[in-house]
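Two complexes, one shared chain (chain A), two partners (chain B, chain C).
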Partner chain A sequence: MSKKNLTRRGVLKTGAAGVGAAGLATPTLFTGAVWADGHTGFTNAPEGDTVTLGFNVPQSGPYADEGADELRAYELAVEHLNGGGDGGMIPTFSSKTLEGNGILGKKVEYVTGDTQTKSDAARASAKSMIEKDGAIMITGGSSSGVAVAVQALCQEAGVIFMAGLTHSNDTTGKDRKANGFRHFFNSYMSGAALAPVLANAYGKDRKAYHLTADYNWGYTTEEAVVQATEAMGWETVNAVKTPLTQTDFSSYVAPVLQTDADILVLNHYGGNMINSLTSAVQFGLRDKVANGKNFEIVVPLYSRLMARGAGANVKGIFGSTNWHWSLTDAGSKAFVQSFGTKYGFPPSQAAHTTYVQTLLYADAVNRAGSFNPCAVAEALEDFEFDGLGNGKTLYRGADHQCFKDVLVVKGKENPTSEFDLLEVVEVTPVDQVTYDPDHPQMGGAEATLGSCNVGA
Partner chain B sequence: MLGLNAKDAGLFLLVTIMVILAPLILNPFPEGSELAQFNAGYPDLMQRFVIFGIFAIGFNILFGLTGYLSFGHAAFLGVGSYAAIWMMKLLTLNVIPAIIMAVIFAGLFALLVGFVSLRRSGIYFSILTLAFAQMSYALAYSVLTPLTGGETGLQIKSTDSPLLSNLANGEIGRANLFGLEMGSSFEWGVGNWLFTFNAGYYIAGIVMLMAFYMSIRIFRSPFGMMLRAVKSNQQRMNYTGLNSKPYTLAAFVISGMYAGLAGGLLVAMDTQVGPERMFWTASGEVVLMSILGGVGTLIGPVLGAGMIKYMENIISKINDNILHQWFAFLPDGMEDFVVFLIHPFIGKGWHLTLGLVFMAVVIFLPGGLVEGGQRIGRLFRRKKRDGAVGDAAKTPAE
Partner chain C sequence: MEVIVLQVLNGLDKGSAYALIALGLTLIFGTLGVVNFAHGALFMIGAFCAVTLNRILSLSHEVIDPDKTDFLGNPLAVNVPYVYDWFGEAAGQGIINWSVPLALLFSIPIMIIVGIAMERGLIKHFYKRPHADQILVTFGLAIVLAEIIKYYYGANPIPTPAPPAFSGSFDFGALIGLENIIYPYWRIIYFSFAMIIIAAVFAFLQFTTFGMVVRAGMVDRETVGMLGINIDKRFTIMFAIAACVAGLAGVMYAPINSPDYNMGMHFLVLSFVVVVVGGMGSLPGAVLAGFLLGILESFASLGVVIDLLPGINQIIIYLVAIVVLLTRPRGLMGRKGVMEE
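This part shows the complex of A and B:
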């Protein structure tokens, strides 16, 4: 008897009977209603009256702040799913299957792990959740490398992966997987949303100079912004890669002054962006006049945590973000209210996306009537929803990427608190940021999801 | 037996038995009990125990015998991993060619690095190896992205079709040994216990035993004696007209090949590579493993590797929620207080716990965990002698 990845708990409780459902070997033939019978035959099929989710976030390393906020959101989501607290975004969510009685009537439990922002550690942690704790779904990650690595692992093991904060095109581009789903937006969307706003604010005959963090996310962001702005008529003077570990950017900023560029684009995230922006401001770039125009700086991906780090330097600088707590739709308000009551400060975009992902997963299981990953994937594919803070949203079936409006934000001139640092200047409608699943930036025609895997 | 003296043969036998019975020994607590949190007998962690055991055994051949402290050993692990995954992507999903390639490439790279670094000794040698490792890391992270996949690393994809395997279109290949998949397991439930016997683990375990045997032979050989001589006084050796460099270089390359073997096995068990595998903290980790277990001893590095991987994977997963469950029997105020006290040492605080354990070992057991074992062994022996019982040939841990 050789079988792999069977849940330990399941085997104990049901003995050999748990292995039964060999009939699900060719799952693509089945549709919705059939899944309702399929409560066995996949990795970690939940037995008893609880179900375990795995929250795999960076608790140490460069993205520990984001990780801590993600974990808070996960705990809040579990509380709401189990009927505790004020329910958060459950009442505003357009799908009404969540009733505060867990998922499919099973109480939600969770395990946590530390990814250390390293793909090896993240995979080890996710594997222990799957092999030891019997987790049926893994979610989290605060960097694209980790997200891609864990997504591939979940595909192999036959569980669902709900990506957390990962912005690189690759996650749902060339590295997309049938068992993986992303709610967060991506580099392409940032470029497409920013370009028109920039063209309006700064004119169409600008010359841009890019500084790009020398790793995967940096490349895709640079590519996206260059293509989107060049389509608007901008010219790219130069694009320079900077090492990820760089903390002093003066040697990269100084050469900008020697060129005839009049825009500096910083494809940096986290501490990188804080340092490079500070350096650029210290060199007086923002007071400079080039080609008869004011010199401007752009930061494609913004987060509140970064804005806080960079302080007054972010004032008036454009960027894009997935969600911001100052939004006034019912969903966002309910979430900010609920998060604020529990923790005493507003949630970040990382917290928002992970909270939403947990709810979306729970709802998809309820609608499918089964925890079977293929059934859940089918329920999520081409699912349209509303009321989760981003307006009308589509989970596209072709690449498992969410399509929704993108926020273009600007550093606030007169912040009223340490959280009130960004203001939304424009909500770019979803049509403007939609692309074909086989777009060249997304891995072209070669990229495929493969088929969903149930493991066991 | 096998050209080993009685003491070494006993040790080897003990390690063999431990490797075979690990799935039982590491799962002492029944499923569902609160202590099940401390069970380590699941495939991924057991694989890591033996693989990092190999890594540490190899490191110990260099550091334990010659005293040369390399701070860049993770680079060889990484090179081995990249070589192995490319073999799997291009040639065959069978793990054997991948592991062989990993050893060869790591050996070649070690030859290059060793040739340059061994021109210096002491702290300069350490810094040189560290520099090489960080260079490799930086190259893999960005410059060599087409070859290494950059930050995202490399995985086997549905679009890969290795030359010697016939995968259905769109099927994602899995590492195997002549058809036996690394992930396949046999599960055995007894009462409330569940034991997992994983194919990949046993393959890695067999390789580890071979590596361990090799290391015993090296320790006991004239070559090993020469390396020990380098450690005790290299200058005197040179003055006697003996060129010690070929010996140290050979030790360096062997040790690099062990690291490559570990890297290849890591890929065989879990088909992905990322550049952080070569980061300097990974090099530092193997130094910690050796010191924690006992430098220059045979079994020490394996124990140290097990200890660190256990902490990393088990302690880091305990969260406040679990603590509250454990201490639920205490009155409310007390419960919160106890959880508050323990909180800094669990979850992300596992580094802190490891640090404290490391300090305790270095201060109280300078010889590492092995010395702890020996002290306990002596304690028992003395008692037995007191009781006028013959000295049973208990195998001391080297």
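This part shows the complex of A and C:
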């Protein structure tokens, strides 16, 4: 183990400072002391030759299909980490610490939990995996409410949380935590990426009407898209909150026809998005001409699984996505090949982000030389990498958010298969979607990570 | 004015679904005395009859297209439905496009079988048990049925479009001298269909001997039984009819909102409130309350109303239920003695 693998925060947090101070005069002893310390003194420090990861995904409830795809990706990642299969994105990953021999030489095992897309159920399953199964890291989630809740639990428990599909600004904004990390993009980035494309496609003199899911992801997405599009010259004529449990959106969509809006923005995800978009198309909004322009619909966050549910209604509709299987970089191709060969269909963006998060965690542990969560956190902070499907990416230390290019996509007019539903219309460069850590949408100056917690 | 007309139309449309489910719930409660929390699941199964028929008609064989590749770079396997082979591409696609109306016929025998199996296999064992037991067992059954559907069809909604001829919208305002009231064809069809079904159920109960016996049984089961009529058998048939009503409502609802395994649960809770507001055991009450609550829910969803009373769209139905129960404890058209023993 080289000295660069020692971590300042890990040493401090695990009470090794005293030992380290004694050892400074004698470098050999110092290294040995941290070795010993780096493997004990934190929650679920692995013993023996295996290490357990906790995959907390929705296996029931409305996002169960997304959860199933996440789980497939996690299983694939574990297989690759343990040296099985074709290695997926490990060969294309710019960091070369993963050698197919597990993490730090320990074979990777996993347990799964069912979040049910409910915060309390998700916390209970994460708690069980940490306390009963000895999970050293928790990852997953297909909802921002769940991600924020589980992230806070992991912070208290002293384990690392690698968020799955969570798009709300809050996850790495006002609710950011020192033990939590997000690879997936967020509402701000969607707004920043979409607005110029929308202004280019539909013009700068537009009036937008927003329908917004009534929970934290909806609020941050509405705020992000409103601010980004208004900065381009659009006007927001109304923004109506819709209950998360709503299935028939006719009574929300029909009044849009009576306003002078010429754009409808659906800040909805999952079943909400499928149903609201279906209602909007049924009510003829896409055939309508308002203010002398064709009426248009925008879906800020797209997923292929959702697009499939909405059928032909998505054709020509703009949105953004974290990743798409049609990307042609080496990492994406390797992942699609590996996942597609094993499961028979291409991976979703949820599968991609969870697979990547697992590799990033494993690599961070290897680089830190320890499972100590504070050592791992420090290894992830300001880590720059490439080869995992999104081009050059930075895990920003200030808020634990990944910064990378964002894809603007459009529903494909002539799909060739049931998977070929979205086409990438623009890859928005990372600089255009980067913001300050204390940006008002991210909780302002009050939002802080707090201190890393090793638990135990 | 246009907004009011639009929201009334939306309310009637929502109310159609509530009324059809509540009608079935009331039929079962009135005849068998069972509070059937699995009734929403029957609505969901109906919708999945439409999904299933669509899939059956779309059954296909693979034809390799050497000019195109799939996501792994292999030659693309294109699925060609068998109906294309049998009837030609245009006629075959026409048949697939009409899968929802065709599913009305397909669903009737399925719903009758499901209804009879549910009543004979499980619910009849709970006739003499307390209502709480009945609610627990039927609620459990609803969860089981939903999970079975999820296992086979997944959790995501499945698009099941109406025939292209009815999938668009038209200017309803032009019919009544107003402007800019665009309304989808299928929703008008759905409302009309609901009215026909409701009328048919009432006519069946009012004008047939079978219906007369059932109505008599609803009032006094024991006396009808003592007259030598096998009322149990008739009630089983009524259960099957109620299942059919829910199933047909589900089939026709499939193009409005893509079916998913949880749709029954969503409608069940609202329909149960509809039954309570209408008055337990009252068929006209169920229909009236269905439309009333549908319309109120639509108006509560208006932006100006939400701005005035934030959150009203989420509680309006329950608020109305509380007000009705406080002022008329038996519901709008409830009879004395129902669930009061």
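We adopt the following convention: the second predicted complex is superposed on the first by the 419 of 456 C-alpha atoms of A that agree within 3 Å, B and C clash if a C-alpha of one lies under 4 Å from a C-alpha of the other, contacts with A are read in each partner's own complex, and residues count from 1 in each chain.
What we mean here is this: contacts are C-beta pairs under 8 Å (C-beta built on N, C-alpha and C of every residue); 3 or more make two chains touch, one makes a residue touch a chain.
Since the structure is predicted, the reported quantities are computational estimates derived from the model, not experimental observations.
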> What is the contact status of A:145 with respect to chain B (first) and chain C (second): first, second, both, or neither?
Replying inline: first
> Is A:342 contacted by the first partner chain B, the second partner chain C, both or neither?
Replying inline: neither
>> With both complexes overlaid on chain A, does A:107 touch chain B (first), chain C (second), both or neither?
In response: neither
>> Going by the contact rule set out at the top, does A:64 touch chain B (first), chain C (second), both, or neither?
In response: both
> In the superposed arrangement, does A:315 touch chain B (first), chain C (second), both or neither?
Replying inline: neither
>> Taking the superposition on A as described, I'd like to know which of chain B and chain C A:243 touches: first, second, both or neither.
In response: both
> Given the touch rule stated above, what does A:128 touch, chain B (first), chain C (second), both, or neither?
Replying inline: first
> When the two structures are overlaid on chain A, which partner does A:251 contact: first (chain B), second (chain C), both, or neither?
Replying inline: second
> Touching A:392, do we find chain B (first), chain C (second), both, or neither?
Replying inline: neither
>> Counting contacts the way the document defines them, which residues of chain A are shared by the two interfaces, the one with chain B and the one with chain C?
In response: 60, 64, 214, 241, 243
>> If we count contacts the way the header does, which residues on chain A are in touch with chain C in the complex?
In response: 60-65, 214, 238, 240-243, 245, 247-248, 250-252, 254-255, 257-258, 270-271, 274-275, 278-279, 282-284, 287-288, 305-306, 308-313, 325-326, 336-337, 340-341, 345-346, 416-417, 419-420
>> Please output the residues of chain C touching chain A within their complex, sorted ascending.
In response: 2-3, 6-7, 9-11, 13-14, 17, 68, 70-72, 76, 147, 150, 154-159, 161, 167-169, 180-184, 186-187, 256-258, 260, 262-263, 266, 297-299, 301-303, 306, 313-314
>> If we count contacts the way the header does, which residues on chain B are in touch with chain A in the complex?
In response: 31-32, 39, 42-45, 48, 138, 141-142, 145, 150-153, 155, 157-159, 170, 172, 174, 181, 183-187, 189, 192, 194, 196, 270-272, 274, 276-277, 279, 312-313, 316-317, 319, 321, 347-348, 350-351
> In the complex of these two chains, what residues of chain A are touching chain B?
Replying inline: 1-6, 8-9, 11-12, 15, 59-60, 64, 110-114, 118-121, 123-125, 127-128, 131-132, 143-145, 148-149, 152-153, 155-156, 168, 170, 175, 214-217, 219, 241, 243-244, 446, 448, 450-451
